[in-house]
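The structure is given below, and queries will be raised subsequently.
Just so it is clear, A, B, C and D label the chains in written order, and each chain counts residues from 1 on its own.
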Amino acid sequence: MWLRIGCDLLFEIEVPTPFILMLRPRSGSQQWVARDEFKIKPNVPVVEFTDDYGNLCQRLVAPPGNFSIKTNADVKTSEFVDVEPGAPFVEIQNLPHDVLSYLLPSRYCESDRFSDLAMTITANYLPGYNQVAAIETWLLDTISYIPGSSDYPISAIEVNYKQSGVCRDLAHLGIALCRNLSIPARMVVGYLYKLEPMDMHAWFEAYVGGRWYTFDATQNRRKGGYVAIGFGHDAADVAVFNQFGPSVYPTKQVVSVELIEEKN
Amino acid sequence: MWLRIGCDLLFEIEVPTPFILMLRPRSGSQQWVARDEFKIKPNVPVVEFTDDYGNLCQRLVAPPGNFSIKTNADVKTSEFVDVEPGAPFVEIQNLPHDVLSYLLPSRYCESDRFSDLAMTITANYLPGYNQVAAIETWLLDTISYIPGSSDYPISAIEVNYKQSGVCRDLAHLGIALCRNLSIPARMVVGYLYKLEPMDMHAWFEAYVGGRWYTFDATQNRRKGGYVAIGFGHDAADVAVFNQFGPSVYPTKQVVSVELIEEKN
Amino acid sequence: MWLRIGCDLLFEIEVPTPFILMLRPRSGSQQWVARDEFKIKPNVPVVEFTDDYGNLCQRLVAPPGNFSIKTNADVKTSEFVDVEPGAPFVEIQNLPHDVLSYLLPSRYCESDRFSDLAMTITANYLPGYNQVAAIETWLLDTISYIPGSSDYPISAIEVNYKQSGVCRDLAHLGIALCRNLSIPARMVVGYLYKLEPMDMHAWFEAYVGGRWYTFDATQNRRKGGYVAIGFGHDAADVAVFNQFGPSVYPTKQVVSVELIEEKN
Amino acid sequence: MWLRIGCDLLFEIEVPTPFILMLRPRSGSQQWVARDEFKIKPNVPVVEFTDDYGNLCQRLVAPPGNFSIKTNADVKTSEFVDVEPGAPFVEIQNLPHDVLSYLLPSRYCESDRFSDLAMTITANYLPGYNQVAAIETWLLDTISYIPGSSDYPISAIEVNYKQSGVCRDLAHLGIALCRNLSIPARMVVGYLYKLEPMDMHAWFEAYVGGRWYTFDATQNRRKGGYVAIGFGHDAADVAVFNQFGPSVYPTKQVVSVELIEEKN
């Protein structure tokens, strides 16, 4: 399916403010970006680079006054996410080198502190995909998904204590539980078609059966329409924007995802 | 200045043909891509990746029949290339690690075979930028630039023997001469505003005074308007397309570069 | 100065246990490894790789029974660490790309939660080196360094609450405070000559004035004799060993650092 | 099998001379380095880094006078190289990204100029491993292997013209022929147990059936005992030493490979 995704941000800047943005989707094995637009006003110099995880990032210093970022792109993605019950657990010694760091605890995924819970949830499931699916189901059933309920990332421990959270929070808990079982898991930030209410979205991927699979504990059916813009260990790695100096928040943030005609 | 660059290619394919394309400009410290479009018809699956030199590449298998690739982008670039007479030669031990491989001979730049010529051309010049400028001037004065005069890359030795060549050929000789003096040099492929006749272009960069500088022995003034799409050791690394199996050539290739209004 | 460093580990393994080791020092700009030995008994297959941070790591599966790892190396390192009061804060926009991730919060360095403390400690200091030195002094004066007092890493928040910790814990708090001030900071694990009691050691580096400087809140004088074996965001990235499956602990761990004659 | 390999070099230096060395074997999936020694006299500062191909390299400036480099290492390697007749050709679209550049022509492997020869040699062989084995056999039968017959690298075209060469030259022709058939091929430099006469050695690897296989057109039996120290596109990438400024040659070069007792 072809989607046109967009994110417009408006800031009111008081002092020159360095930004690192992660808003540009990149073509990869799961998605193809056929068109892409990235407008900044005023038109300050931008340096684009690829971060440690392969994400496209932009660095700039926003000058005082209104500062606007408008991005949109036409992306081909799958109508359904791949589902593979039975996909086996990959023994540590057989994992690719570059997947290993997704086994470790990270800022918001204290995977070293979840042994009992991970064991309990997955007790009767085959190691691998089925364990992750059990975690996803447990999250869906147990942790209330309340969009817009928090402004800053909280960690898996905090989410488990609150028993509710935004998409990012549920992903943190899912990732922490997977890693506790020695299943590599990572955070993805991006867009989801028909997300209600429409906003940027976050979900997680787990590495089983020799590849990454998509999981999303905020949606109760296996539909597709995902467009990724960033991958990382957790929300610390994939902020849509990181800003330095006195805090500024967008005074406007408009996210859109529309179905479009096949492009060619 | 803002340029809209475009390249359309049409192939008539007989058997399924794997391609690796390098046609997508990337934002970097020298240019900012504000809009980008990449259309393939028929719409086969594409996998995009970053090669060893940081270039964006696309892999696909073209099916039998007409196969069309249309790309265009809006890019901010400099009106004038940076010029820095006197920028010093960088001692080998002070070069960044990732620049070192640009000292070595490569497929089309047999830098190990040009000691006498390199010495002769640069005899009276300060080590560094001035040597490279002397090489550029020598190329301009000595090697006839004949656009369209060859279809496949020839090496620095061959160019020097023929005393004429296309942009790519002159760049090969320039690079070989620089490297012979222990000045790192690399090939760049891309677009040039007001190139006559309009086509894809190739030039070279040399690393002196702590950074890469642009040189182009096909143009007799230091204007800008360059948009890079690929960097590498020589033409072997930066083919706009590499194709495998029975050879196919574009039945149509249309390149354009237009000045556009400032975008924001 | 030349040091011979060594670390011997002995495990009693019950079930085949995958390990990832980080025990091999690597030559770099700060140290030169002239000799290196790494013995494993029994002699199972080992795969060595370089992780995301450039550390040399070894992967293996330890079989049931006694499993021994003996490593030692002769390393040239500095007698004094570099000290540079006045080295300025580097503006975000001028930081190298690969340093940026050391600004972000990580598993054990919740830098997003330390604004007040960081401000208080550094209120009267010049931005940059002097701020980091003030943090180091504050740690030395405030947080009790109690070697051997904990077995597993605790986070900056926990360290600040306990007001005491092992070398790793003090580094976590130092790193969190630096990052809160937008100064990149990273964890280093390795050896220190004349450490009392002798053991593996951990300290931190901060990026000011265009390079990384060494800080160590467990030692009250600026001597050298450091040999690094791993760099990372915090203890999660630089475990001397990561082990998967049922927990095993070394039944023996012998660390040594001796001064040796100049090698050549 | 366990081998102790060693290479001692002695230079008489007249002016300070920058060197880049590639003499330190690295553990990988094919070999394990259990001990390693690298002595330089006089003891100038050395910076070690990993090049674009993952090889360990050392940078230094040799001062006027005698300059000696002594290296040795204990390495576990296979007694027999893997042989896999029937291992299939990998379609271009299925090759890993990082293997693609080994399809391109390089300085000493002008693979774009060998279509007829490659076709003739491999006409009756299955695509993949068997084609490469046919090339290896053809080289063994056709090109005279004359150790010590040349001092500097010559290219595949030149080797084919001369019909003789050193190990490096035969590897260049083998690589050029493989790449012409769209089989990725790369150069390896290192040691070979029982090589006659003993010296540094060069061979090639081809990527078929999903992995790299060893080929060596200088030896007429499939024994092992190989220890790699460098991988690259051709001899330009894997010089044991690159030296800049006025040419210097080793006044002494002693290479040794001995069988040793199993280490542990």
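By definition in this document, a contact is a pair of C-beta atoms (placed from the backbone, for glycine too) under 8 Å apart; a residue touches a chain by one contact, two chains touch by 3 or more.
Not measured: the values here are computed from a predicted model.
Separation of chain A from chain D in touch steps, taking the shortest path, is 2. Of all chains, D has its CA centroid at the greatest distance from the CA centroid of chain A.
The centroid of the Cα atoms in chain B and the matching centroid in chain C are 43 Å apart. Between chain B and chain D the centroid-to-centroid distance comes to 30 Å (mean Cα coordinates, whole Å). Mean C-alpha position of chain A lies 36 Å from that of chain B.
With touch defined as above, chain D holds no residue shared between interfaces to two or more other chains. Taken pair by pair, the chains that touch are A-B, A-C, B-D, C-D. Within the complex formed with chain D, the residues of chain B that make contact are 18, 20, 49, 51-52, 59-61, 91-93, 97-98, 100-101, 103-107, 109-110, 112, 152, 182, 236-237, 242, 244-245. Across the complex, chain B is touched by residues 26-29, 32-43, 45-48, 50, 54, 58, 76, 262-264 of chain A.
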